[in-house]
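As structure tokens, here come the structures.
Consider the two complexes below, in which chain A is the common component and chain B and chain C are the respective partners.
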Partner chain A sequence: MSLVLADLAKSWGGFCAVDAVSLTVPKGGLVGIIGPNGAGKSTLFSLVSGFLAPDAGSVTLDGADITRLAAHERARRGMVRTFQVPREFAHLTVRENLMAAVPGQSGETLRGLFLRPAMVRVEEQAAAARVADTIAFLRLDPVADTPAGKLSGGQKKLLELGRALMTDPALILLDEPFAGVNPVLVEALSAHIRALNARGIGFLIIEHDLPALTRLVGDIHVMDRGRVIASGPPAAVLADAAVREAYLGGSA
Partner chain B sequence: MVFWIELLIAGLVSGLVIGLVALSITLVFGIARFPNAATGDTMTLGAYGALAGHAATGSMLIGGAIGALGGAAVGLAAYALVFRRLSNRSTVALLVASIGIGFIIRAGLSLAFGHTQQVFQVPLVRPWRFQGVRIHPNDLRLAATAIASLAVVFATLYLTPIGRRMRAVADDPALARVSGISPVRVMVALWLLAGAVAAVAGVILGLRTVVSPEMGWEMLLPGFAAAILGGIGNPAGAVVAGLIIGIAQEMATPVVGFTYKIALSFVVMLVVLLVRPRGLFGRVEGVR
Partner chain C sequence: MEAYLAAIAAIALIYVLLSLGLTLHYGLTGLINFGHVGFFCIGAYAAAILSTTGGMPIVVGFVAAAVLAGLAAWPIGLVSLRLRDDYFAIVTLGFSETVRLVVTSERWLTNGVQGIPGIPRLFEGLGVGMPSALAILGVLLAVNAAAVWLFFRLVKSPFGRMIEAIRDNEEAVRALGKDPARFKIRVLMLGAALAGIAGAFYAHYIGYIVPDQFIPLVTFYVWMAIIMGGVGRISGAIVGSLLLMLFLEGSRFLRDVVPFISAVDMASVRIGAVGLALVLFTLYRPQGLMGDYTRR
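Up next, the complex of A and B:
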């Protein structure tokens, strides 16, 4: 599933958080976004995932304009996001967190529940099997029946990835998946992402951990003050003078 | 002793009624995030629906079902016509709107059924006696109805796909949306359930006492007291707290007198808010 952003823009009062950003994630691509804090990366994700309406520009998914679509409808179309600070359904167990995200269930309405109980049961069993697979894949077995609010930060990151996977995504937007995660788990998460990418799932990843990101992605876009200032393979982009200015000049 | 046991039994039955009301309030608060002041009048509507259904068919079962369906329909209509449009507004706006909806329901019922108290025309049954303790077969039937209704709601919440999604929205609505959970489907289920639960409480109360346009409005205070005592947004807490308040009210009657028993809920509510705002079983994280 290809994602095309064309001239996306969003301002808050006079401040231009995202300024005419255009970029493409090809089908099955693995693309990174870097940039200093306040560069507009998370705002960009909110525009793409339907949390904010852009002032201008368009979001196109597989050729269909989804700029005006609600967040849950974008998820249904196969594009799902995670959050910078991991979020979870705190009172639901890990298993229930994943079950809640399985799409297309007849039991999603009271009508379906009462009129087609047999079908609901069959679908629940299928969903439970998929959830069990995902729990095993992410090695969350020991906490499968623990309320998600009680998990460690790293486990919550894994759960976020798991919940994203349950929606049958073709494209996953990861917002700082490695932030606050210990180095061992960073490697494990990267391996999960590579394995999923090999199955054809595309990724667009915001990340501050440059070494981990550059090992993972094929292309990088650098954002600064709301604009994309450089794009291309990691090695070339990181050698770029403007990028060095934005990163090193900003902090030095 | 016999006297106190009879009070305890009466307290349990009225506690179940309060628990149902509190469950309706706490579900709406947890998922739609505002205190629904129309809960009491939805109750009243359920009682009148059952009264009319019973008068028309002669069957209390059909009457009760009509009452519950009426409550579900009113809940859904209130959502579709008002609350859905106000969903991005402040809690206060929604609260005020719900007070308005309550007034509309009450006025409509007064207009349709008159202002005088009515009673269900059911045959009087002689109470059973166990060791001198009087137990009314009707009370048992009503308690069983309440418990069955509670079982349906809890099974829906904890064992079904839609229930899981309702609890997910209660925990984090934004995360629910990115997980592909349709907010409208969850809200429709919420309002159908919350309306039906409140109406069942009304039917039970109406059968035990009398049916009047103000009956539900007067139950709002104990209902909210129980929802707060149980930890607002916590369904099981609401039911347990309802039982506690119901029993406390009945047991206090000989001491403080009938007129003041309602004040007890107010005292409970104040004490909880001042001393332990999370309620007995706490659930503040679920509520912003």
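Up next, the complex of A and C:
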């Protein structure tokens, strides 16, 4: 699934948070976005995922213009996002969090629930099996039946990824997946992302943790003050003088 | 004395129905509904009008009460579910006051402030007294049991899981490709239908309804019930309603022990007593008697 952003823009009053950003995530691509705080990365994500409406520009998914679609409709088309601050369903267990993410459940309609209980049971069993696989894949077994609100920050990040996976996505937008995650878990998370990418799932990742991201992605875009100031393979981009000035403060 | 106890029990069971509806709205889904009495009012008037001037069998009134109250919730859901929580609270409060004003002014239909007298009581054939009182309690218990059963079915289902997910984090639900509004409208309608049935019971039990019985205070009594019992729990709704009746009715006897209080003052003292109980609960047991949804 390819994602094309063309001249996306969003201003808050006089402040231009995202300024004519254009970039492409090819089918099955693994693309990163870096930039200092306030560069407009998270705003860009909200524009792409439908949580904010852009002032100008377009979002195209597999050739279809989705700029005006609601957030849940975009997710249904196979593009799901996670959040920088995990938004777990705190009072549901890890297992229930993942179950809730399974699409197309007839047990979520009142008609299905009361008129087709047998069908609902069969679907629940199928979903439970998929959830068990995802829990095993993410090594969340020890906390599978713990309320998600009680997980550590790193485990919540894993859960966010797991929930996104349950929707059968073709493209996952990760908002700072490594923030607040201990180094061991960063490696594990990177390995999961690589494994999923090898299965054909595309990723667009916003990240602050530069080394972790540069080891992971094929292409990188650098944002500063709402604009993309450099794009390309990580090594080339990081050598760029403007990038060093903006992102690394010229000191590194 | 038996008759008095039976009356308290009947009103308490009507409050349990109201509390179950609000638990569905707020405790499970997080909808801050400050207009629950509006649905109660619609149910009561539907049943009253159909069984008096309408000349319909009582059962028809009950069905109409549930359906009309449920349908009344639909447009509220459509226009306001995209609003933030606090705005939703204001919209629902406005709705219930609008309902009260409509039944006050539309005299051709509701007889205005004079209200509707002579609503047939349930089981009149059994005569006035204990037999009919017990029969009414039996029906109320059966309806409550059915509501609780429906509730459990709902809570322990994928639908129930999703509404709790919405309560915990609506944006995450949207990010996963599900439309929270679709679930919230259904929840709103279901809880409203329960309140409508409660209204029908109320009309047939009291036998006489006027708009003043449907002031916002009723909504807040139901809120007090679920807060005292424990938010988001079926047992909390039941225990809280019974506790509320204990405070409301128990404070009635205060007059025998507290001197220098007239009957008019007493009404205020009762509300004060319930308010004090609520304050003490939020201070010392904020999760309610039965514990709230945070304890699983």
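Assume the second predicted complex is superposed on the first by the 248 of 252 C-alpha atoms of A that agree within 3 Å, B and C clash if a C-alpha of one lies under 4 Å from a C-alpha of the other, contacts with A are read in each partner's own complex, and residues count from 1 in each chain.
Keep in mind that, in the parts below, contacts are C-beta pairs under 8 Å (C-beta built on N, C-alpha and C of every residue); 3 or more make two chains touch, one makes a residue touch a chain.
These figures come from a predicted structure and were not determined experimentally.
When the two complexes are overlaid on chain A, chain B and chain C occupy overlapping space and clash. In the superposed pair of complexes, A:T167 makes contact with chain B and with chain C alike. By the touch criterion defined above, A:Q105 reaches both chain B and chain C. In the superposition on chain A, A:Q155 contacts neither chain B nor chain C. According to the touch criterion, the shared surface of chain A, contacted by chain B in one complex and chain C in the other, consists of residues 49, 51, 70-72, 75-76, 80-81, 83, 87-92, 96-97, 99-101, 103, 105, 107-110, 113, 120, 123-124, 163, 166-167.
Contacts from chain A toward chain C in the complex involve residues 49, 51, 70-73, 75-76, 80-83, 87-93, 96-97, 99-101, 103, 105, 107-110, 113-114, 120, 123-124, 147, 163-164, 166-167. For chain A in complex with chain B, the touching residues are 49-51, 70-72, 75-76, 80-81, 83, 87-92, 96-97, 99-103, 105-110, 112-113, 120, 123-124, 127, 149, 163, 166-167.
Against chain A, in their complex, chain C makes its touches with residues 153-154, 157-159, 161-162, 164-165, 167-169, 171-179, 183, 186, 190, 293-294, 296.
Listed in rising order, the residues of chain B touching chain A in the complex are 156, 160-162, 164-165, 167-168, 170-172, 174-183, 185, 188-189, 192-193, 283, 285-286.
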